[in-house]
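What follows is a pair of complexes built around chain A, which joins chain B in one and chain C in the other.
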Partner chain A sequence: MKIIDEIVGKVTVLQPQGLLDFVAADSLKNKVKNCAMNGQFNLVIDMSKVTLVDSSGMGSLVACLRVIKKEGGDIRIYGIKDQVRALFELIRLHHIFEIFDSVSAAIESFQRPGK
Partner chain B sequence: MNTVLVDLTIQFLRNMEYLHLVTGTSRVFCETIMEPDIPKNFVDDVELAVSEACTNAIRHTVDADASAMVIVHFRMYETELVVEISDQGSGFEFAEVVEPAFDQHPEGGYGLYIIKSVMDEVHYTRGEEMNTLTMKKYLK
Partner chain C sequence: MRILVVDDDKDMRLLIRSTLTGMGYEVLLASDGIEALSVLEREKIQLVISDWLMPKMDGLELCKRIRSSSFPGYVYVIILTAKDSKGELTTAMEAGADDYIAKPFDKNELGVRILAGERILRLEMDLEDRNERLSKALSLLQKDLEAAARIQKDLLPKANINSCGFLFDWIFLPCSFVAGDTFNYMKVDNDHICFFLLDVSGHGVQAAMLSFMLTKTLSSLILSGGFGAGLQSHLLSPVETVLELNRRFQADDEIMQYFTMIYGVMNIRDGRISLVQAGQPSPVYLRKGGEPVLIGSGGFPVGLNPNATFEELNLCLEPGERIILYSDGITDCTNQDGQAFSTERLVDLLQKGEGSSLRSLIERVEKNLREWRGSDEWEDDISLFAIERSIT
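For the complex of A and B:
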């Protein structure tokens, strides 16, 4: 899976592209582990170029969040389509991920006090 | 009588390399047949269910021979789509699969729950030679 990354201040924006399924899950997990190793703990995952997310993809997001939370960071989500938003809600992941309607809002959320 | 409009079968070695072939075929198949009044998200829901079911069929047949096949059978009727996914693994007890522990946010175990949520009917038969998951989605 192709994952574009961009650093904006103290925030790293990752943009996975295509299908986020079992085949692609390890690519995302490895990318996030590399971010953690490089001290990048404030992540935004831009899902606007993801065409399908299945349970393996959702599981990879949970695994990524655990890696980053362990380091005191967080992952914020942006750009999910309606079907993916419904999937987040179906398996209750909207309780552990903050989801934003714009990438700038997701980035700025890391500036909030206590974040 | 419920007439079959299109009937398509894909058979492949139980290898993740072929997952995208099947999910892509599912999308094209549904989009080709699509009628103006079918439910919103029909194509996305079927693609998701096919991805989940094929991932399970490939991953959970490790006890099967390396030459074991997965067979995906799409049938579009006037009123519904039927997708059957068959594998040669040892199978599982469909009735004993429990819901995920949502409050613990596990990293896996959501597949069957998602399939049941996005499809209208889901059945499973465990056979001596093949196990088959049958999924139906109504067109109207």
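For the complex of A and C:
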């Protein structure tokens, strides 16, 4: 899976593209582990280019969050499409992840006091 | 190695034979293409050295025939020719020759060309050997998987069975041999039946292993809770049961395998059901003479979140009413245009089956799903588990 990354101040934005499934799950996890190793703990995952997420893909998102939370960081999410959002809500991932309507709001959320 | 020498010139045949015999090869002779083919059919030959121009069937035609035949191993062909132009050589190669030697030939050159041929033949034999071992391994794996699939199916309840005033029926279509989906029900005491349908993330063997284990754990959890001290019922509530599973099966960070499930307890005397929806699609409650109701709006899956809490949902199954549990393999099942079957289509289909028997409803859903998919290959495991309270 192709994952574009961009550093905006203290925040790293990852943009996975296409199908987030069993195969892509590992790419995303590895990418996030790399970020953690480079000291990038504030991540935004831009889901606007993700067409579909299956159960393994959902698992990988939570695995990524675990990795980053261990380092005291967080993953914020932006741009989930309707079909993906329905699945997020079914398995209550919107209670685990903070989801934003714009990439700038997601990035700015890391500047909020206490975060 | 056995070499067949094909030449209409007897002196040439004998000359080549004596050269090759001197090199330690076993040599057979033929005087034209037709004779050569009949030798090839009788004998195991690995390498052919053939003259180009011969009566009856020339070297090129012989090459073509060899390539279109199905001799057991690869036959390496060297064409002997007085022609030495590029165009002629291309023609020979196109006909299927592997190499050529210009006449008059040098003994050493002939030896080297044959050695090159031997190298190719050895590679070819290695490959064939590896292929054979691979296909043996594959067929063993396949047999193992078929056996596992049978065991998994045997663990499911009997289809269309009537028990304690309730009818149970189901659909189960794994997308590979074995599935991460499973379901079952169990009578735990005189008053209660527990039931579940679960869907392990991913599919195939990895998911099936966890689903086997979960079935076993769930059974012992239900039964040990059901008959505590003094045969007093200590049946765990659905929330307690799912919390316990969530405690025991937290996903490992690397593998990140979790599952979604519906777990319910039903009172068989009055049809009251309490259930937990742990990330599983909402069950469809088919009321008598009313609109179908989707029960619940979601919930945490089991194993993803150690602090997950679960909510109990309640309903009462009146005589003649049904509740349908299913995996997202059904609602997400895409047709040739990539369109999903959808919850709406499933609910509509279930509603239309109100007057018919549970069996014919189940058959209709399966038939519709197969037609929708247009193939026997599923992207995800398909399962549906239905309960109907009989009219007494």
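Note that the second predicted complex is superposed on the first by the 115 of 115 C-alpha atoms of A that agree within 3 Å, B and C clash if a C-alpha of one lies under 4 Å from a C-alpha of the other, contacts with A are read in each partner's own complex, and residues count from 1 in each chain.
As a working rule, a residue touches a chain if its C-beta (ideal position, glycine included) is under 8 Å from a C-beta of that chain, and two chains touch if they have at least 3 such contacts.
Only a predicted model underlies this, so the values are computations on that prediction, with no experimental measurement involved.
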Touched partner set for A:I96, first chain B, second chain C, both or neither: both
Which of chain B and chain C A:S55 touches, first, second, both or neither: both
Touched partner set for A:A105, first chain B, second chain C, both or neither: neither
Partner chain(s) touched by A:A63 [first = chain B, second = chain C, both, neither]: both
Partner chain in contact with A:V23 - chain B first, chain C second, else both or neither: first
First, second, both or neither for A:M37, with chain B first and chain C second: neither
First (chain B), second (chain C), both or neither touched by A:I4: neither
Chain A positions touched by chain B in one structure and by chain C in the second: 22, 54-56, 58-60, 62-63, 66, 90-92, 95-96
Touching residues (chain side chain A, partner chain C) in the complex: 22, 25, 29, 54-56, 58-60, 62-63, 66-67, 89-92, 95-96
Complex contacts: residues of chain A adjacent to chain B: 19, 21-23, 52, 54-56, 58-60, 62-63, 66, 82-83, 87, 90-93, 95-96
Contacting residues of chain B [partner chain A, same complex]: 16, 19-20, 23, 41, 44-45, 47-48, 51-52, 55, 59, 100, 102-103, 105-111, 113-114, 117
Residue ranges of chain C touching chain A (in the complex, touch as defined): 199, 201-202, 251, 253-254, 256-258, 260, 279, 281, 297-301, 304-305, 308, 380
